Amino acid sequence: MNLLDLAAAGCAIAMIASVVHILRGPTPADRVIAADLLTFSLVGLVALVGVRLAREGTFDLVLVATLVAFLAAVSLARALTGGRR
Amino acid sequence: MNDALLPLIVAVPLLASGVAAFARHRHRWAIVLLLTILTANIIAAAGLVWATADGSVVAHGIGGWPNGIAIPFVADAFSALMLTVAGLLTLVCVVFAIVADTGRNRLFPALVLVLTAGVNGALLTADLFNLFVFIEVMLLPSYGLLVLSRRGRGTDESVTGSRLYVTFNLFVSTVFLGGVALVYGVAGTVNLAELAGAAQESPLVAAALGVCLFALAMKAAVVPVHGWLARAYPSTSPAITALFSGLHTKVAIYAIYRIYAVGFEGDQTYLWIGVAVFSATMLIGVLGAVGEDRMRSILAFHMVSQIGYILLGVALFTPVGLAAGIFYLLHHMIVKASLFLSAGAIETRFGTDRLDDLRGRVGREPVLMVAFGVAALSLAGVPPFSGFFAKLMLLVAAVEDGQVAAAVIAIVVSLLTLLSMLKIFNAVFARTVSGGEPVGPVGPVRRGGLAVAQRPTTRAALAVPAVVLAAATLALGLGAQGLFALAEVAAAGLLDTTGYVGAVLP
Amino acid sequence: MTILELIGQIIALLGALIFVVAAVGLRRFPDPYARISAVATAAGLGVAFITVGAVLQVPTVDNVVKVVLAVLLQLITSAVAAIVIARAAVSSGHRFSDGTDTAALDEDA
Amino acid sequence: MTLIAAVAAAWLLVALAPAFVRLTGRYAGWPLAGGMLGVLGLVLSAWNPQQVVRESVPWIPALDIALRLRLNGLALLFAVVVLAIGAVVLVYSTSYLRQPRSPGFYGLMTAFAAAMLTLVLADDLVVLFVAWELTTLCSYLLILRSGPAAKEPATRTLLVTAAGGLALLAAVVTLIARTGTTELTTVLAHPLWREDPGFATIVAVLVAIAAMTKSAQFPFHAWLPDAMVAPAPVSAYLHAAAMVKAGIFLLMLFAPAASAAAIWSPLLVGVGLWTALMGAFFAVRRADMKELLAYSTVSQLGLLVAVIGVGTPTAMLAASAHVVAHALFKSAGFMGVGLVEKRTGTRILTELRGSGRILRWDAAMLILAAVSMAGIPPMLGFISKELLLDSFLTAAPPALSWTLAIVATAGAVLTVAYSLRLVLPLLPGRLGAARPGEHGPQARPWRDTRAMSVAVSVPAILGLALGAGAPLLDPVVRPAAAGAAGVDVASVSGVYLWHGVNAALLLSLTAIVLGTLVGLRLRGAPAPPAPQRWSGVLAVQHAQQGIIALGRRVGDLTRSDVPAANLVVPIVLIGAAATALPMLWRGWPRYDEPFLVLDLLLLLLVAAGVIAVSVATRRLTAIISVGVAGFAVVLWFLVLGASDVAVTQLLVEILTVVVMVLVLRRMPRRLRPSRPRRRVLAAIAALAAGVTATLAALVFTGHRELSDVAAFFLREAKELTGGTNIVNTILVDFRALDTLGELVVLGIAAVSITALLEARRAVDRPSGKGTAAALSNARVNAVFLTAVGRIVAPVMVVGSAYALLRGHNAPGGGFIAALIGAAAIALIYLAAPSDEIPRIERSYLAIAGAGIVIAVGTGVLGLLDGSFLRPLHFDIGSLHLTTALVFDLGVYLAVFGVILAAINRLGLSPADAVRTDRSSERSVR
Amino acid sequence: MILALTIGVLVAGAVYLLLQEDRLRVILGFVLLSHAVNLLLFSAGGIDSRDEPLGEALNPATTADPLPQAFVLTAIVIAFAITIYLLVLAVTGNPSEDAGLDDAGADDAGPDDAKAPAPAPTRGGRR
Amino acid sequence: MILSILTLPFRFAAFVCWFAAQLTLTSVRVLGDILSPGLTATPRVVRLPLGSAGDLHVTAISVLITLTPGTLALGAARDDSGERFVIVHSLYHRDTDSALADFADMDRRITRAVALGGPR
């Protein structure tokens, strides 16, 4: 039993919880927040799965994700205000 | 000829399109570039016809990688003929577009050049995935051309039509790609030459290629998946409708011919499906046309109907049937574009293509009348125009093959075709024949916010493209021998694919 | 399993726990702002822990450099994202939970 | 080559017609008539009574189609009729026409004559059909050009005759397919006619239908009276002498062969006699001279068809003679009526009473034609009617023959009656006098219509002359009859005025007497109301409208711009086809157990995302939910061993969200709700599609070893390209063409987006008002993203460059690099305190274009090493460079261009958008 | 098996969305559909070998088929371009198309779902 | 100056350690609240004055506040005199003053940790 699997399971739980929260809301901001959590638990999962499967691109993917993933969050925030800055 | 130069027929228009993308406000040079490249394209294609007319096949593996690895470009008589006619059409439609304004948009040259490259690539490639890519290369500029309008404001209709067009074509592409995936899944290759006969040997490959064929049939607007075309085509500018009519569905038809010939080696097992479906296509298409009240809607439904005829050739898969189908295909590209262009000339001048709005308003238009009349008769299969010989050969092939029902439908559909063409002719040109004066309101007619000044007759430049193509259909009728001999060579290449396969995998 | 790997695994597990807690917080907190707060922490720290934990399994120079960079970036970008979301929430009229003192928002700035 | 020359000369006349009109105005009829007689001379000079003249010029050898001509008796007969009457009618036209220039009229009339000549001389099925269709076309245009009222009749005429043409086409196709040749002589002599009764019957019926439409036989007769809107010369030529004779010609041509079919004779005789009676019956009661003649034509053609159906040598002789007789008296009749109308302004019988005195010669000529039509000796009409009656009487068996003869006689009675009615007002003395209170018509002076008078006189007098000198006709009608009957000329008797007293003569005399009585009795009778011909016209009209209505309904089936409506059909079809999938089942695909849990987790995630997006009611929720599925797919790619793909997918996901949000603010917040019914149906379709897709994946994939091409890549890629990232070597080396296409797609997407947004501004909707005073300052709050940008943007740029450079050997490459670069652009846009600041004025098109130029240019360089897109390798010192990198740079720029286009074009606030629109308008002027 | 199910789920969702009226739903349907096809391409290469095709001396028995990966990369980017175009097209219609959907009034200003109560002034008198 | 550059890593490390401890403390508190029934939060929005701090400074303090469990920067503001503020949402501070004190402390530490002109 590798603890990383357990950690991956934790990330997965967080992801599923985010999806539920995305659907339940109740406010648009909640959906955006949940999307944020989802994105970052994905990054976690990528790191864990990538290492477990010895994927060479793992940390490239993580690095790229940390570089760009917040753009999605920022965009979604913009959506909350209807495009107003 | 050096086979390695074959890809240039795609590369040169692409290169030019990249250059044309720099065109800014004054872009006369871009138009000159466009016309130069299109002319060169025709010359190159004609050269290919010359090189392949004896049945030989020109092939080149791109990048010089080993056979089976490289993406192959192949030109035989069929693809060379298609290249030539497609190139010709493009040039004629582009001239019309430039005269009729759409073509003066600064984005126009780049879009058309990429479209040309896409068409050429799709006609030359012998790799299914690459075909998918080139279909996309055709589609993306088409999306732009669809909404292009020099006057600055697209209509609601063009947006709605675009949405349908884009959505449907995206669906088609996705299904096609799915089919390619299935082919790779079962056969382990997407190289058409390596797939030669595979569908005949394995029902799995047949089913996978069947998905690709289904997608292409959707793209070709075969009944019952034809509705999109009849709705989307009339929504854009006349020049673009004409251009698309000659290119998009026809590339799909070409691919259907090619894939069925190579992949299935003309397997007789599935031909009945084609005969049934394509007969229905002829009939439903023409009925739709009869019911429409706009020139371009009528013509668009006719495309559907005529596609049935064209594809009947591959569904017969006899030497005469294939040759007739190919002849029909080439004839139809010319005639349909001619019809769209003469309709477009009327529409450009009067601001509408609705028959009820045009009735009684069009004065004497002898030149357009003759052009339209000739093309319409050719479409209906009336001699001595090319459509007659196309239909005659097809009918003979069908009867020889025992497909009497299809032949009967084809004949009945001719009459309905004539009926719907009369609808246009009577509404628009009857006055020209009877020599009377227009009784409708004379003066600027406002429509879509545009004031159209009425001049005695349509500018000659607007009519010339339609006339050129109408003359072509007469020439192809009286001189059917020339094209038919080539069509026979092309058909022979489909019946016996060893030349094609051997050129790709020597 | 080396000790480094074990430590890494524990750190990663901790990171995962932070995510789980954030997920619970998402359920439990009364208003979007509290939830953003919970998620912001998890996004920054959870990812940092997990990636560090992961890189300890394959600590090549290449990977470590990437992870250090990633962690730094993550801490900054995730927090800024949270701030942007929070401000957007405020300016799009998302309510604070009852009992929140929001006087500071009203003063003229 | 005389025949060829004759046909060519005829068509040359067509080409010359406009020139003649230009030179001589309406008098062009004279030279054209001369030309036509010249053509007739050519034909006669080619004629050889001993031998059929045949000539051929190759046309489409591939299909065995040639311009084959042959001159036999039948062809001669019809050629003479067509050309001679044609010349007369052209002369008539010079005076009839009032417009100084009618190039269309003369062109079409000569074209018609040329087509008819080609038709009768054709010895090739295709040539025959082409000519046949040309006559149809010419007649349509000739009717159509006679005025606005002619549109509908012309259309109906065309539809009916074109339908007949298609029957002939069907016959032609069947003949070609079954006999393997297009040569008419061979086809007609083919043994198949006797060997295959089914074939014979089908072709016979098709030919009969074709002929009957053209010759206005029941039930296709309606078009002919309908077509009377055409001017007199057209009616005289087409609807009396020429076009309607095409059908008769066709029947006589095919008779020897088609009579092998049992149905041939009864069909022709039955339809012909019925039409003869019906036409005559209608003709008797017409008040309009032209209408009367039109129905008379229908009737006379009926007699011809019937007698051809009899098929004996006598019958064919009768047919041949009657063709000539009818051509003469009917052309004279129509032209005469036209002349009367020209001179008096009317052609209504009652209005013409008393005009005989003023019309004099013209009236006399019309009367002469009518006498021939009535079959009164010594006119040619009498002779041909005698022959007709005789043919019916000699047709076996006797019981039937008498029935036929009596019916024909009944027709003859009516013929006499209507002929009498036609000329009564013109007759001298009491018969034609005006009634008290009526003022006879005023006539125009004869001088104006001299040419018309001449033209009417020629056939009218010929009808008399050829009746008196009947044997003069023998050289023309006997060979024709022999050909049509399929016998030697010797076995066809000659034409005589006096046959002696026989049954036919008695019937004929009876007809004359009874007909006169009927005619006189009907003299004052009013014309019946509801003209019967409308029933036929209505039938055509109804058929036309019915088809149009049906067509509209067919169009309605697909009349929707909603994509869903157009997608449902293919989706259902695919689903239906998928029911065959279980038949292809070949066990479960190969699968590695260790991945099971992980795979299940990803499945769960995808499912969560899919369900979430399906139930979402808000746009924001929907795009976030789709992101869930997208992230799960990213993980799938990673798990499946595709880091490059995973990175790309991740970047694409993020950038898609960025663009989606730009779009989102221009749409309502809520998704358009679907009706429950649609939702349920869609769900069912979705379920079926899901099952189909799963099954397809199981059946079609995972059952084979590593493909040859994949094995090649794994084995050789490093060696051949120097790269160790196999996927990247495929992208930029082995399948660079795909990549080239892809980057072109991206680059041109930028152009298309620009085109779209220039053609049509994006919708804008007001964004809500700011609510929190303290946080409302965008400029102050821009610090966060700006600061992050200062840190992250350089990393992005470096990372982008890094990915670009090392892509060949490790995850990376042009796409990933560009997407990272594009993310930097997105960041700059998002960080800016206003929409306007970050715009990069239009250079994105240049960037995209440069990308395409660089990539294609690199590809073309490859030709130096023998192939387009062949990467070139350089070693500069220890540094190994490949043009694949330059290619990747092209990719990079293209991706960059499209993102810039989307952000620049969509990221504008309304005020900015207006400004941009103005500038773009300026730019296109 | 699991990948096949994933493809099935994606296709089901895609078809469901494609058959809806809303333009954005249709676009999202295409996004899902292209995911499905991309995974199908992977599946076509065989998914029992999942080692990355990176580096030298690759074991053909365990290394994933690189060709579908290249295909998918191409397909992703093409789909991306078209998706962007579709998105732009979705907002270049007539504003009246969405008449009735406009969440006018309170709903427009307020962020809450219908379920949540309408925004009300909170303590501190914000708003 | 040279000294300050040399000491920077140590000062920064010290700050990181302090911050880590801070994180742990607050984490435990928030964790306890979330995982136990009921919430003990006393949410409030406060305005943290930062004088004429630069952009990076404002961002850094906001990021740190946001990373800390239970607190969240909502955005920045600037008053007429040009003074900058960060508006902070805090869940567990009993009153505005204690919150401001905590944040000011954090601000002081980070300033000291990264200052190049020597500790203030």
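First chain written, first letter: the chains are A, B, C, D, E and F, and each begins at residue 1.
Going forward, contacts are C-beta pairs under 8 Å (C-beta built on N, C-alpha and C of every residue); 3 or more make two chains touch, one makes a residue touch a chain.
The model shown is predicted, which means the values in this text are computed figures rather than measured ones.
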For which chain is the distance between its Cα centroid and the global protein Cα centroid smallest? B
Chain centres computed over CA atoms; the one at greatest distance from chain F is chain D
Quick one: report the Å distance separating chain B from chain E, using the average Cα coordinate of each chain. 33
Approximate Å spacing (C-alpha centroids) for the pair chain A, chain B: 47
How far is the middle of chain B from the middle of chain C, if each middle is the mean of its Cα atoms, in Å? 57
Distance between the CA centroids of chain A and chain F (whole Å) is 25
Junction residues of chain E - those touching two or more other chains: 18, 23, 26, 36, 40, 43-45, 50, 52, 54-55, 67, 71, 74, 78, 81-82, 85, 89-90, 92-94, 109, 111-113, 124, 126-127
Would you give the residues of chain D that are in contact with at least 2 other chains, written as numbers and ranges? 562-563, 567, 609, 618, 639, 641, 643-644, 655, 660, 662, 696, 700-702, 704-705, 707, 709-710, 713, 735, 738, 741-742, 745, 749, 752-753, 756, 759-760, 765, 768, 770-772, 774-775, 777, 781, 784-785, 787-788, 792, 795, 810-811
Could you pull out the residues of chain C that touch at least 2 other chains? 24, 36, 69, 73, 76-77, 80, 82-84, 87, 89-94, 96, 99-109
Would you mind writing out the residues of chain A in touch with chain D in their complex? 8, 12, 15-16, 18-19, 22-23, 25, 28, 31-32, 34-35, 38-39, 42, 45-46, 49-50, 53, 55-58, 60-61, 63-65, 67-72, 74-76, 78-85
Which residues, counting only chain D, touch chain A once they are in their complex? 598, 601, 604-605, 608-609, 612, 615-616, 618, 620-621, 624-625, 627-628, 631, 634-635, 638-639, 641, 643-644, 646-647, 650-651, 653-655, 657-658, 660-662, 664-665, 765-768, 770, 778, 782, 785, 788, 792, 795-796, 799, 810-812, 816, 820, 823, 826-827, 830, 832-835, 909
Complex contacts: residues of chain D adjacent to chain C: 768, 770-777, 781, 784-785, 787-788, 791-792, 795
Note: in the complex, chain F contacts chain C through residues 23, 27, 30-31, 34-35, 39, 41-47, 59, 62-64, 66-75, 77-79, 85, 87, 89, 91, 96
Partner chain E, residues of chain B touching it in the complex: 129, 132-133, 136, 139-140, 143, 147, 154, 156, 159-160, 162-163, 166-167, 170-171, 174, 177-178, 180-182, 184-185
